[in-house]
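Notes for the one structure printed next.
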Amino acid sequence: MTTTASTMTELDVRADFPILSRKIGGKRLVYLDSSNTSQKPERVIAAIDDYYRNRNANIHRGVYPLAVEADALFEAARERIAAFTGGEARATIFTANATAAINLVAYSWARASLTPQDAVLVTEMEHHANIVPWQLATAATGAQLRWLDIDEQGLLSLDQLDAELATGDVKLVAVAHVSNVLGTINPVKEIVRRAHDAGARVLIDGAQAVPQMPVDVGTIGADFYAWTGHKALGPTGIGVLQADAAVLEQMPPFLAGGDMIERVTRERSTWNELPWKFEAGTSMIAEAVGLGAAVDYLAALGMTRAREHERMLTAYALEQLSALDGIQIHGPLTADARGGLVSFSVDGIHPHDLAELLGREGVCVRASHHCAQPLMAKLGVPATTRASFAAYNVSEDVDALIAAVRSAQRIFA
Amino acid sequence: MDDLYRDFILEHYKRPRNFGELEPHDLEAHEYNPLCGDEIGVQIKVADGKIADLRFNGHGCAISQAAASIATEELIGMDVEEAAKLDADWMLALLGIDISATRRKCALLLLKALRHAITGDGSWPVGATD
Amino acid sequence: MTTTASTMTELDVRADFPILSRKIGGKRLVYLDSSNTSQKPERVIAAIDDYYRNRNANIHRGVYPLAVEADALFEAARERIAAFTGGEARATIFTANATAAINLVAYSWARASLTPQDAVLVTEMEHHANIVPWQLATAATGAQLRWLDIDEQGLLSLDQLDAELATGDVKLVAVAHVSNVLGTINPVKEIVRRAHDAGARVLIDGAQAVPQMPVDVGTIGADFYAWTGHKALGPTGIGVLQADAAVLEQMPPFLAGGDMIERVTRERSTWNELPWKFEAGTSMIAEAVGLGAAVDYLAALGMTRAREHERMLTAYALEQLSALDGIQIHGPLTADARGGLVSFSVDGIHPHDLAELLGREGVCVRASHHCAQPLMAKLGVPATTRASFAAYNVSEDVDALIAAVRSAQRIFA
Amino acid sequence: MDDLYRDFILEHYKRPRNFGELEPHDLEAHEYNPLCGDEIGVQIKVADGKIADLRFNGHGCAISQAAASIATEELIGMDVEEAAKLDADWMLALLGIDISATRRKCALLLLKALRHAITGDGSWPVGATD
């Protein structure tokens, strides 16, 4: 299917995002770095502003009306955030970011569960957030860390998964829902089914998936599903762990302090109910309110529609980039098999230089190892350039990208 | 005069009915509200499937103590099975006052202890938000 | 010294705080719960708004101008926040809140340092955030947890400290700079000196001190000093750990993931430089920018002036409360010996009921165990009522408090 | 034509001077920029307190490679003591272009390796922000 620019004009929500009217050195801001962090709609900015301006008080503690209101706002945000991805509020825990959500599992669950006879299985396409916590947890417990390979197209092999699971020692499979470099959409539901059949638990890193496509954690059935607010049109400073409540109940606490306790004596403490057992100290209140507004915005937009829009932009970008000389695209070759992002390399131009030159044209892309150094090693590159899309991108953004890449090629010719 | 602290509530707070220990008893449970430190214990004597007698004890705010006192007057003589099914609405209707989300937990503490005592399940979620 | 309302009018910055113009059930908002969380000046709200509206991009990674700008904003905020309390930027680590800052030490430092021969010393006046992490860390390492008592006035005894240190097994002293219940200002510099002489490290919980008084972590000399943004006129979702850089260098990482690494291979990882070694994943960027604006505001106001203002309000409140019948005040009896807060009990009225009645008059106070259950046990109360002050309070706020307490006493008479 | 990528920079990037290995050598060090994966190694031969010869190797962006190439031309023949004291300003002046905070790290990587090789101290903070 040939994608033309004209098929892509159906969704244009740029006006909802104040920053997009900014000019960079006189140029239109072409923001193609949403997989890194997303921009925020007016609605989210206004919710945070309103919170501090009119509603701010500490929660879970206050008796006066302002505090009761703040508590209600915070817990209502949790309900909506949980529901947005099909989860239960009591099993939806707020953390500082996706990384902290994964670390919660790596400390509380893994250190209490892993033994030297066990293995944790990660994949070659993982973000450092889903690698390094397992390196530390396996080192601490004596368990093994093993890896699933990716093929030429950037796909995992379910056969290799089965072979690993058949060894009988895999206690946890930790895998990205969508790769932040390759874009690969992993068959997480199938991975969970096979892992559960083999008695292994599964953690899905949904940092890239939740912002881009409809996600239903109930259907996926993973024990742990982690994602992050700032990539999903929400504020910085908040991540989400959605888990199986029964598993959470059995886990020891992680961060300790106020709110997560039931009773503290000099000798010992007992723990609060879920989800508060895993939320120590003053919560990210304004951030939860902001993320609540973000999921409201996304729900109103419709995630199926957002996904389709980003799929079309991705298809268009793949097509346009492939038409240039000296470009190598990493990951699946069809937009259907990938999330809304494209990583590529340009012959003779280091990604850093490319991103710098593009930046001067107002085109914001990320040039980096994308916190995925083992994957870079596999691809045999020090870094790649990545363009990533969100609902607020339009086909002209892809056109601007292509024009800027061409111009960089001319400079480095 | 404040609505929440009607004479009726204050009267029960200051002179709680059925307060104290019940020995011997057939059922008992103890609940604690970590938010404010309120504690309520309940002890029940059962005869013919009914609550023959009941006492509550502990300490807490006027809402939790008055709610407990008011509830005990209704509970004595009630079918045990039926008592186990009483819900938040029942308690709040008995109190007859508007209660904020935070204070609901106070108002429902006796009911939570009651259910715990009868069913052995202490998990009825009178959580911080409901 | 008799404090009269008229001596207290010199500082009135209410107009800087938008929420203070809010009416609660027709009543003026009398916010006396700043020790729980502070209100935010326009400048902080505007900084966050501006960040999302005009500057948002991910940091430490981007090459394009927007990202370079965001990075500069973020690190400049760190410099100013570090300098505000006399610390070094590279030893100033951002965490989710003060609780997370203390947990960082309890996981990274304590679990690597404590043995069954060691002891951690905490005090009876600690917040759960400075108790429960040590209960878990001592349980994990087999070390002992020991307690310093408070006297009738709510003060620690340096003799008892010396006696504990003389046993030779104390590896860490964890103590609040200012008690969030008693108000007690602890002699932290002296505690650090004695502990260091005995070879023990010191963690100061400065959550209540930094918002209220001039704090210089360099002069105090503690190994770790933790505080939190939301109590210091800043946003939720950010805490600060200021530490001895040399100690931090020797500590293993805590949370693992992106940004905190230098190099990741399948087999092992190496760590980034300070402070990033302890900041995993996307930072609380907008929150750092907001907290930067908060310390700018506080610095412009002058912490000595803020402290003096709050001291006068505290003296006035102590005097007025003592004049009522049936009131018991917890903690030091002079304003000089305490921070800007007063905890009290009223005969025959449970704190929860009192706070509810006060709340209906627009007077916001906290009724709670204040996350200090061991202290409540010592005081022999289930909870207390606490009024706490910030720069934006004025003497009329104390008058409103007193009037509301009287009215509650009439209802419960 | 872009200012940062002047012919002079691109020319050094495409045809780096003093690139490769130097055997035998007296001093060496290797530096890595975790931000972008740039790597630079440097090997130095010392005679009479001077840098008698020097080679750099590794890979990276045009800025890091060109900066290294340009610097080597100045370094050969320089007093070792003096070379150890060279600072960011020296390097940036040699490059003669405006460099953002993020890219400074690229531009200074050779200098960091040089200092490490001479003094044994790899901690010169060419941190993410400076």
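Order of writing sets the labels: A, B, C and D. Residues in every chain begin at 1.
The rule is short, and it goes like this: contacts are C-beta pairs under 8 Å (C-beta built on N, C-alpha and C of every residue); 3 or more make two chains touch, one makes a residue touch a chain.
This is a predicted model, so every value here is computed, not measured.
> Find out how few touching-chain steps suffice to connect subunit B with subunit D.
So the least number of steps between the two chains is 2.
> Pick out whichever of the two, A-B or A-D, is joined by more C-beta pairs in contact.
Contact tally favours A-D.
> Of all the other chains, whose mean CA position lies farthest from subunit A?
Between subunit A and every other chain, the largest centroid distance is to B.
> I'd like the Å distance between the centres of subunit B and subunit C, where a centre is the mean of that chain's Cα atoms.
37
> Averaging over Cα atoms per chain, report the distance between subunit A and subunit C in Å.
32
> On a C-alpha centroid basis, what's the spacing between subunit A and subunit B, in Å?
Once rounded, the distance between the two centres reads 45 Å.
> Out of subunit D, which residues touch more than one other chain, so two or more?
Residues 35, 103 of subunit D each touch two or more of the other chains.
> Where in subunit C do residues touch at least two different other chains?
In subunit C, the residues touching two or more other chains are 61-63, 65, 67, 261, 263, 352, 356, 360, 367-368, 373.
> Looking at the complex, which residues from subunit D come into contact with subunit C?
Contact set of subunit D toward subunit C: 32, 34-35, 100-103, 125, 127-129.
> Using the touch definition up top, name the residues of subunit C that touch subunit B in the complex.
Per the stated touch rule, the residues are 350-353, 356-357, 360, 367-369, 373, 376, 382-383, 411-412.
> Touching residues of subunit D toward subunit A in the complex: what are they?
Of all residues in subunit D, those touching subunit A are 1-2, 4-5, 10, 35-39, 59-63, 103, 106.
> Help me check something: in the complex, which residues belonging to subunit A touch subunit C?
Residues of subunit A touching subunit C: 18-19, 22, 24-25, 29, 31, 33, 36-37, 39-40, 44-45, 48-49, 52-58, 61-67, 95-100, 102-103, 106-107, 127-133, 135-136, 145, 147, 228, 230, 235-239, 253, 255-261, 263-266, 268-269, 280-287, 352, 355-356, 358-360, 363-368, 371, 373-374, 377.
> Tell me, which parts of subunit C touch subunit D in their complex?
Going through subunit C, the ones touching subunit D are 60-63, 65, 67-68, 71-72, 75, 90, 261-263, 272-273, 276.
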